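Dropping a structure here in structure tokens format, bear with me for questions.
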Amino acid sequence: MSESSTGPDGDAPDHGSTAPDHLVALRRDLHRHPEPAWREFYTTARIVEELERIGVDELHLGPDAIDPDLRVQVPDAAELAEWRERALEAGADPDVVEQLGEGVTGAVAVVRQGDHEQGPTIALRVDIDALPRAESTDDDHIPAREGFRSETGAMHACGHDAHATFGIGVLERVKESDFEGTLKLLFQPAEEVIGGGKPLANSGHLDDVDYLLAVHVGLDHPTGEVVAGIDGFLAVTQLRAEFTGEGGHAGARPEEGRNAVQALATAVQNLYAIPRHSEGVTRINAGQVGGGTASNIIPEEAFLQGEVRGGTTELRDYMQERAEQVITSAAEMHACDADITIEGAAPSATSDESLVSLVQGLAVDIRGVESVVHRDDLGGSEDATELMRYVQERGGQAAYVCVGTDHPGGHHTATFDVDERSLPIGIDLLTESVLRIARERPDAGE
Amino acid sequence: MSESSTGPDGDAPDHGSTAPDHLVALRRDLHRHPEPAWREFYTTARIVEELERIGVDELHLGPDAIDPDLRVQVPDAAELAEWRERALEAGADPDVVEQLGEGVTGAVAVVRQGDHEQGPTIALRVDIDALPRAESTDDDHIPAREGFRSETGAMHACGHDAHATFGIGVLERVKESDFEGTLKLLFQPAEEVIGGGKPLANSGHLDDVDYLLAVHVGLDHPTGEVVAGIDGFLAVTQLRAEFTGEGGHAGARPEEGRNAVQALATAVQNLYAIPRHSEGVTRINAGQVGGGTASNIIPEEAFLQGEVRGGTTELRDYMQERAEQVITSAAEMHACDADITIEGAAPSATSDESLVSLVQGLAVDIRGVESVVHRDDLGGSEDATELMRYVQERGGQAAYVCVGTDHPGGHHTATFDVDERSLPIGIDLLTESVLRIARERPDAGE
Amino acid sequence: MSESSTGPDGDAPDHGSTAPDHLVALRRDLHRHPEPAWREFYTTARIVEELERIGVDELHLGPDAIDPDLRVQVPDAAELAEWRERALEAGADPDVVEQLGEGVTGAVAVVRQGDHEQGPTIALRVDIDALPRAESTDDDHIPAREGFRSETGAMHACGHDAHATFGIGVLERVKESDFEGTLKLLFQPAEEVIGGGKPLANSGHLDDVDYLLAVHVGLDHPTGEVVAGIDGFLAVTQLRAEFTGEGGHAGARPEEGRNAVQALATAVQNLYAIPRHSEGVTRINAGQVGGGTASNIIPEEAFLQGEVRGGTTELRDYMQERAEQVITSAAEMHACDADITIEGAAPSATSDESLVSLVQGLAVDIRGVESVVHRDDLGGSEDATELMRYVQERGGQAAYVCVGTDHPGGHHTATFDVDERSLPIGIDLLTESVLRIARERPDAGE
Amino acid sequence: MSESSTGPDGDAPDHGSTAPDHLVALRRDLHRHPEPAWREFYTTARIVEELERIGVDELHLGPDAIDPDLRVQVPDAAELAEWRERALEAGADPDVVEQLGEGVTGAVAVVRQGDHEQGPTIALRVDIDALPRAESTDDDHIPAREGFRSETGAMHACGHDAHATFGIGVLERVKESDFEGTLKLLFQPAEEVIGGGKPLANSGHLDDVDYLLAVHVGLDHPTGEVVAGIDGFLAVTQLRAEFTGEGGHAGARPEEGRNAVQALATAVQNLYAIPRHSEGVTRINAGQVGGGTASNIIPEEAFLQGEVRGGTTELRDYMQERAEQVITSAAEMHACDADITIEGAAPSATSDESLVSLVQGLAVDIRGVESVVHRDDLGGSEDATELMRYVQERGGQAAYVCVGTDHPGGHHTATFDVDERSLPIGIDLLTESVLRIARERPDAGE
């Protein structure tokens, strides 16, 4: 990953063409305005701006794009207002922001071309949200050095800025091509909270989709490497526990409180200690915690925001059941109440071999691609599985493709960034895949 | 405490005169605008308004009232700006707010009267800050029912609204009296964070003080009861620990993080488990905790805001030393760093018998007083001890007096409130004490 | 306590007469053969040997001395057999050991003298059991240096070897005196497990007792100091928790077990963290724990032997209730069962002032006594309170006396030992108290 | 596994011949006298009895069989004496027991046959130790019902009684065959503590071994199934931590102790909470813990006997490093010392394909075999890997074979037992493997 120091203009190994300037600019603009789940006001408006420049047959926003009632982990009105305000200040189109209402973000764009009724309906899903974490200010970190570091406090630490750019790039290229059929570009919000997949899957836009592609950059694969089919999606449940006890003066009446922070601490210690499972991968994380109000008040309330995962749905369920028992008993131990909410969940899924073979076959010819991996495991979770399963259960086919990129820091860390040389590779690969699918109509069923 | 149901107008036991309407109004106005430590912009402005109405010889604000450099736990500029804004919206005098700058709140008022150079210098300290906690909305809660519930999110859950009112009431009464000498009214900010005592003690205003009185309402003593001398102040240290580890993707690379929330949880569990001490009272509270950013990111940072106390300074030090060891080891266990900051501290102190006797002697004759207790223990901490010790070490005398009040909920809880019948009792008691001290000049030295 | 270095032959301050050689020998013999609760076979036999030498009017052993059914924490038959065997090997009289059966240890001796029906019935209670802990081998430790260190693995780390010697010494002296009345010497077993007090109190021997004295050495009071009345007995409950889960192969099936050691660890952490209480002293100790069978088996069983104490019965009950909740919830959290058994308990008690005054009055004249303290707090627990309350509730009077002794290490530590110069002081003090009580018959009721 | 109810005489599916009566009797006799690691006095003597009946060319015991200095987790002299005594009482040959000395158990038997110098040297390793756990008394448990339940308190809960029987059975059969070469039967002690593999590997007996077979029954494979090559051995380290603090009286001086049980509990909680690893399987178990001496003494000492495992040596090392950090920090937190001893360790290993193919090829023709699995993962640890690696590193080949058996309870549980119909299957399979290896001399290297 040391190649990142040569940057996009490095004269080292030929990683193919550089991306068109306007797409690099788009990527960097999105990187500078990262917005976490359901707050993608600027991001959506910026995408819409590009879509209007390109021209699409249909553009769906707000409740026309996703089912608002299936959203989870939506911030409260005050926080949404703050992000709307920030988006407007950054130059977002007020009309678009208006349409996104109380956090119904994301967009669906449809292009019909040629004798489209004879052609297949192909969907490409790209996710667009950022993570609620600070970005590195280190001078070695390219966005910091080159002036497109986050201005919002959040961070594109998982490459969704590149994903959105892929979407726009593919649309441009398909519009210029001889593609015949329907292409749906799904700009999905709230992937990081496992929140946008379900509302998008159930929007109606997937009901007639024959082929679905989803894409991710990086995943520890270097620039120039492509993985034709990603599997090994961990099933996941995100949950929130609220502990409620009773306050009191910590000095004068220590015995009267029912200490919610003690319940929280007991829960955290024992959550990580849930026994490993012999049948496969399990995960647990108490990703965010908090509680209490002041040094001298016995904490009356505390919360824990966490997740459990499993290599299969059964393993995830094992973790979830144990986690709920731990939380309930920890509360009881300290005479507190615990209220557990399931905030998001995604199943596992598998990429269809017909699509994986097709992508693998064409990838070798993409400029800049030096290595093609047939299949690899994600080792994480993704609510793209909601869309993949939706399409597969209705007879369609789906695959999740990885476009390698040199990333200096790991995913979700402060120094993550994408190597921009992977932008044209991804756009070429996905465009070519769409065109070849439309031509070959691979069919696993026959 | 069921007497609170009879309210100020109950015809049950004679608890003395009712307070003048304008003082009840003042108390309720302050109750409606509670401001935590270093944010007392409205409160100070409101007090200044009263002082100007009454007329004082000197009025000190900002760096003239307290030493700004000795403050601890001062909020950041953004939060101060927010509270300043809120104070102005509530009608605070912009000139006063301007003078309080970046949280240099509180006020010192001086009255010189009669042949004041022949008379003693007497100081009365009242604290004015609120607690960062929500107030009850229950209809049984008088402030809720009668429309003066908190409008700021904070709460006067310890009666400092009454203390400030005592100060104004005493000043009015002394001005009308034949008092000869100097009276200094110390409106101290930031008592709840053990933060205002030291900056006020070292302001210079106490250097010539011969007698210091401090006062508190309630403390589980009912309306009509007075405690002439409060002792048993627990020595206290408030501390903050910041845990820093390393983030990472909780699903894909669980082993790479250094989990600050695990360190925090281990610390909390073991802090409360520090062994009790055979020589006296010890206390520990992890009053506020937090950490992490999202369900799927290994928590990189966490914090703990807490306090240790002891019946003596030695016992407090025992707790502090053990607490620091627990925090350090918990961090080390999870490969995190821990940064511990001491945020506030107060020693213990004792009320001088000469003053306690004087107050006890006159209390029985105060209208509404039905019971006089010689001495009682606080069982909590107070940075009035900083002022008491400062005066005592320079040859002066000090006492801490309690004015009982029926309070429906305990101190620091959501349903705490003062019985307004205790307002005139406190004002009478303190005024009479000031006058008698000036006349008798009790001297512990003989 | 540095005086201990001068030893019994030091020529420093006059601490009075030395004890008769045979009593020093007795003390050291008992020290060499320490036996924990219900295992005092050698100890009882050795006491009986002395009683027979002296001659008493009645000698009660086994079920004649204590009520066997009220014993708690009696070891199993195998362990009792082992200790019986060891006692016999050390030279205990087989007839006496036989009478003590399955751990019904201790003895009651009665002396009637003069016109005893006209005199009062006075009881002196001394406890005789040792602690299950190793003794120091350090050369600075006198028993190690002088060859009377423990040979049993247990240790007289609380001075009960001196207490038993006091009993014998007092009996000798009273026999030689003009005492008129009945003297009952109660050699109580199993004090350390709070187990012998109740069976002895309910033996019938206390039913006619007018005055009860109990005695303890040390308690941080130096040689030459006497405390006429010990109070501040902490109420105590000793309890045992058995956790039962399910085993399994830790490598092959980690998820199948229900881990009793995880339940135990969670319980221990949270037991020590039970909040302190504002109304007084509380204590908690998980004094002995264990669990599991092998490194590669998930622990199926675990136990915790512990205690809670309180300055009052109510405070003890607060701790007990919380402790039971912690244990139950910890088990539940790990899908284990918890079985809690109350193993011993003792209330608090107060020394009667009439006896305390009498002892205080005569103590100053005892040779070697340099300082007499009226009353002091134990700060620990004692099942002598069972006997004191039994006598007091039937109209009698009781006091608990402390005979100071320089002890190099603290009570219950490996280097505890009594300064043998305190032996004659204790014997003189207690003998004189018995004689004076018989003469003066103090009566609290008047 | 319900087939176990049909028992060895069930007329259901043909599981092949029944084992000769004397071998069934041997298996049951060993089952009745289970002996944990280094205590296999009766077991070794009983095996020697069989070997002498059969007649072997060399018989090695004690230091001639294994290197005594490489043993770990050897019990102390007292416990060894107890088990020796028990073995003698059960009828073990005193001469053999004498030769086994202080726990140098196990045996190596050598048979040379035909033109043995032309033939290969083949070793078969069977382990013979039991687990320190109680056996079910349930009537559904065949050993309980049929009278050969454990009489020692330990239990053959992993089938090593069958392994030893396999060894004897194979030796009998090979002696009757036309085998030409050298067969070494390795009766290995102390597998369950990962203790016997290294001393046996380094005994010298493996230096000339060309082929090594090891065998295990069950592993969740039913009677009639054979696995030709077991892999997936988890690398393991067994460790012991001793915590040393300071005692004291829990009631009188709670602050003076340094509580080893608190350190232990903190360690246990955090050991299980060591983060999972993305690269593969990790395991942790605090299999046995203990500490403290009495309810009222602050625990001065505590211990933890545990293990860490990993799918690779690197993963095991990750767990070990973290575990040591947790233990060290937990001790430090409670001002205790921690002393960590590595008690046993085994690497991972792989079965050579040449042998696996050979076994797979012949297994289908063994009577009673209904299903042959090529390879499977153990998911546990085994110190057979020490022997496998020793042979492989010297140019030899090794494989670890599984003979399925219906086992009602899981390995290491109270109701584990082997289905005796698997005895003849195992003996046939291993005998046939030895004969075929000698004939075919498979060679992976060439």
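Residue numbering begins at 1 within each chain, and the chains themselves are lettered A, B, C and D in the order written.
By definition in this document, a residue touches a chain if its C-beta (ideal position, glycine included) is under 8 Å from a C-beta of that chain, and two chains touch if they have at least 3 such contacts.
Worth saying up front: this structure is predicted, and the values here are computed from it rather than measured.
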- Item | Far-end chain from chain D, centres as C-alpha averages | B
- Message: Out of C-D, A-D or A-C, find the interface that copies A-B, where copy means more than half of the contact pairs are identical.
- Response: C-D
- Note on the structure: Contact tally winner between B-C and C-D is C-D
- Item | Distance between the centres, which are taken as Cα means, of chain D and chain B, whole angstrom | 68
- Item | Whole-Å gap separating chain C and chain D, where each centre is the average of the chain's CA atoms | 48
- List, in ascending order, every residue of chain C touching at least 2 other chains. 252-254, 259, 262, 266, 269-270, 272-273, 275-276, 278, 283, 298, 379
- Query: chain C touches which residues of chain B in the complex?
  - Reply: 269-270, 272-273, 275-276, 278, 281-284, 379
- Which residues of chain A touch chain C in their complex? 252-255, 257, 259, 262, 266, 269-270, 273, 275-279, 298, 318, 325-326, 329-330, 332-335
- Message: For a test of understanding, state which residues of chain C touch chain D in their complex under the given definition.
- Response: 36, 131-133, 192-193, 219, 234, 236, 238, 247-254, 256, 259, 261-262, 264-266, 268-269, 272, 283, 285-300, 302, 305-307, 309, 343, 378-381, 410-414
